[in-house]
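Structure incoming, see below.
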Amino acid sequence: MKKDEFKKLYNQEVLKRNKKPYNFDADEEADVVIEAYNPLCGDKFNLYLNKEDSDIKSAHFHGFGCALSKASTSLLMELIEGRNKTEKVEKCHTYLEAEDSGSSKRLQNEVQKVFAEMKNFEGRVDCVTLSWKALYDKMKNDED
Amino acid sequence: MKNIKDRFPIFKSHPDLIYLDNAATTQRVDKVDDLLDEFNRKDNATIHRGVYELSAKATARYEQVRSKVAGFLGSDNPNTIAFTKGTTESINVVAHSFIKKRLRAGDNIVVTVMEHHANFVPWQALCKEMGCELRVASLTPEGSIDTLAFERLVDKKTKMVAITHISNVLGTINPIEQLIETAHAQGAPVLVDAAQGAALYDLDVTKLNYDFLAFSAHKLFGPFGVGILYVNPEYMGDMQPYTLGGGIIQSVSANEVTFQSYPFNLDAGTPNVSGVLGLGAAIDFLNELNRAECISHTHELANRCVVELARVKGIRILGGTQMQRSGIVSFALENIHPHDVSSYLNGDGIAVRAGLHCAQPLHYFMKEPSTIRISFSIYNADNEIDILIDSIKSLKKFWEQ
Amino acid sequence: MKNIKDRFPIFKSHPDLIYLDNAATTQRVDKVDDLLDEFNRKDNATIHRGVYELSAKATARYEQVRSKVAGFLGSDNPNTIAFTKGTTESINVVAHSFIKKRLRAGDNIVVTVMEHHANFVPWQALCKEMGCELRVASLTPEGSIDTLAFERLVDKKTKMVAITHISNVLGTINPIEQLIETAHAQGAPVLVDAAQGAALYDLDVTKLNYDFLAFSAHKLFGPFGVGILYVNPEYMGDMQPYTLGGGIIQSVSANEVTFQSYPFNLDAGTPNVSGVLGLGAAIDFLNELNRAECISHTHELANRCVVELARVKGIRILGGTQMQRSGIVSFALENIHPHDVSSYLNGDGIAVRAGLHCAQPLHYFMKEPSTIRISFSIYNADNEIDILIDSIKSLKKFWEQ
Amino acid sequence: MKKDEFKKLYNQEVLKRNKKPYNFDADEEADVVIEAYNPLCGDKFNLYLNKEDSDIKSAHFHGFGCALSKASTSLLMELIEGRNKTEKVEKCHTYLEAEDSGSSKRLQNEVQKVFAEMKNFEGRVDCVTLSWKALYDKMKNDED
């Protein structure tokens, strides 16, 4: 990744969300706490979800991570708040698929597209998908 | 050190590369590349009991490397040297094939909090399995081993002391001679993790008197997939096999098996012949070097780097200025995560490592969740520090815009 | 198969070399040599969490090889594949990190008497340690597994069946599909030692339904020091680490450690990155080949060799003509020791192996103290058999003079 | 090793001793039986020694091995019969040293010289030294 690519990508959405992450606090009373942890780099976020029936009433997160993981977790919180479970799983799935397949076609949302492009960050895909994967795995497991 | 860089082909295809990740792996020297390519194309054969020429030659060369490594460590007995996959495997061998059967519940093993996972987790797992205590020696705030505290940890129940020669995060050069004496005074054998030191520092066994020593070829300008274990002749007879298979058997029937003796009982399976010969070439290269000059070169780079970094606002450098520091400097930058730093540096052609560097206990101890590591080698140059510092400064500007 | 030989650089420097030791190690194909040399000189970096380009690229390529190997075995799940040092280590991993904790005294493990030490000694040692029985399946006088006897050996107490696909001495191709069915009928998982077969034979897991499979890169035109372990997804969750160290840790503090899951819990220490990429190139080469043609080529060579050898007075060939034979032929010569034979053949540029071929149990069973082994690969040719036979005849003359 | 070198070496002493090895039989009553075994190639000889005081009254051997190991064991038997222990150790030592150092200077005996040259047999030194090493190790051990 060249420096201007770096700047371009960080500029658009990442730095903004890194500085002002959405719902960045520890909600100790949450119904569900999911840990998203990367042992190789030490990034660790807790995702705090409050449910109402099968809907997510509120989604908060807190922890330590790079700008990419923080911004992408922040985006995840924005997106899932108010959603029901199936929608959430679908969202994560669509997103992770885009990461995997290299296609962002199925992603409608402009913001999501930016994140899907992040896989071009050499060696940083793990950062971007950290919380999405953790949430997806948890949801899938609960289903089974 | 001027012409040294020409010996490393990677810089021909990447002339602007500023490679500061030498603690992870060094670049390969031309001599090693040449040998590997020539072996692969012209001399390829496996060893032992091939009575045709290619195989007999490969066998002879393979065994010559054993002597060469022994000589490199100041031993005149080639059979003190076993070939492994790397430092990690060498340490596991000692844990599993030597010390395990000597442990009784209530015994202890002493390590330090600055160990790489390779010299921490095997001992921890062994202690758990055998009902023993893992004693973790602490550091001074400067990042040196607290030698007084260390002395108190080692006692008659200590069955092994496993210490790193150089911390792969702090760069601390430990006073291993003194630590070995402390351990020996209590009758405990000592394993030295020499992964970071073997390339440049004198690790002569007749001076240092360690019992086990481990290092990896890929950190001394050699190939991946090969490591060394040195075992004191006193303990050679106690070394059991690790992985079981062909090449280490004395005799096997349906009911019985007997093994060859150390070091040949560690060569299970077809060995990495090319890798071992590549290690031989790497040692030839090291023997050509003025190692004292290399050490002062890398120390000077690291020291200047510390000074320059310290001038940048918001930088925390791990370890102090009082400790003995090798060519390694780790730091954290206020508000900018190490991965963001290293991605940005990459944009300027600078290769550094970010994360926990396989040293979680040390990071917990230092209360740093993650760091950026700069590690110098013989082909690095002063102006690379300027570029590094400029890049960090420009990142800060970009970040705070 | 005419132009295949040109792809193997060794025959350029040794145009007269008749290399008949392919069961020990194959020669390296140009594609592998080229890749290794290029990687060493231009792309060298270690993997994981290097966020600079060289390392990120190496990481991506390394993981691509995992997918490639999975595809090669007919699996669409790259995480079924772990990288090891070789077949030997792969088998040890299964013995130590999977089956050990499932064994209770009185259980048994079934192997055959034709196993290579790599697929015999680890199970034998494990059985001894755990108070279990090692059941050794016998052979017909022809050198095939006695399938009826095999069926009687496997029962509800059988916790593992470990069988070779092809005998490295007899060349027998075992009916593994049938043996696997027999084992599965009793609920026993099956490990297939595919060291000899992986280069040319179809080992598609969806057809054969094995649970574990092991092979080495150096026997399929690839580099030394790299092997493969395939684990059935059903058992992946049960795989524990083998060697402990960096790269496999989830989290570690002074008291606790948690590991990553399979296959990443087997990558302790710096992996043999160049070796793994070299394996990738070897598999690309295999995928280019018409493997059916390669198999019939090597089978024809072996069959003709058997016929020609049988005509020489005083030769005993191991195994019969009824069994399914790969490109391997072993024999003994009345009154002349295998080593004397192979030394003499060497004088005619013929490289063969003499001895026990890491298969002592088989040699006891066959009542041969030592044999000469001829093993063909894709680059061998018909006229090499003529030269071989002539050389043997001339040796006999010399010996009897 | 070229074929004519092979023939030359085998011709001189080896084939003769391989065909008519000295004292090649199993002396089941012997005072001392020493096993010389190479696990890689399967060569195995038993050396049968009968003592009188510290002298070797008789030295026999039996077993399986290649022409080199057989001939060299045969030579060893010839040489040690009638010797006392110190002489034997000295003989083996001198010989093994010559193997090791590449020098056959200290070897007086013409026959021994031939054997010392055998180390030029690519990969066959182990065959030649098999029994000599076994005897030497045994003698050294008994001394300690």
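Each chain gets a letter, A, B, C and D, in the order it is written, and its residues are counted from 1.
To be clear about the criterion, a contact is a pair of C-beta atoms (placed from the backbone, for glycine too) under 8 Å apart; a residue touches a chain by one contact, two chains touch by 3 or more.
The model shown is predicted, which means the values in this text are computed figures rather than measured ones.
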Of the pairs A-C, A-B or C-D, which one shares over half of its contact pairs with B-D? A-C
Sort out for me whether A-C or A-B is joined by the greater number of C-beta contact pairs. A-B
Between chain B and chain A, distance of the C-alpha-averaged centres to the nearest whole Å: 37
Quick check: how many Å separate the C-alpha centres of chain A and chain D? 75
With chain centres defined as C-alpha means, what is the inter-centre distance between chain B and chain C in Å? 31
Just the number, please: Cα centre separation of chain A and chain C in whole Å. 44
Residue numbers in chain B touching 2 or more other chains? 49-53, 55, 249, 251, 339, 343, 346, 354-355, 360
Multi-chain contacts only, two chains or more: what residues does chain A have there? 1, 39-41, 122, 124
Across the complex, what residues on chain C touch chain D? 336-340, 343-344, 346-348, 354-356, 360, 363, 369-370, 398-399
So, in the complex, the side of chain D touching chain B is made of residues 1, 37, 39-41, 122-124
Would you pull the chain B residues touching chain C in the complex into a rising list? 9-10, 12-14, 17, 21, 24-25, 27-28, 32-33, 36-37, 40-42, 44-46, 49-55, 85-89, 91-92, 113, 116-118, 120-122, 124-125, 134, 136, 216, 218, 223-227, 243-247, 249, 251-254, 257, 268-275, 339, 342-343, 345-346, 350-355, 358, 360-361, 364
Which part of chain D faces chain C closely enough to touch in the complex? 1-7, 10, 15, 39-44, 64-68, 70, 121-122, 124, 127
Which bits of chain C are touching chain A when the two form their complex? 48-53, 55-57, 59, 249-251, 260
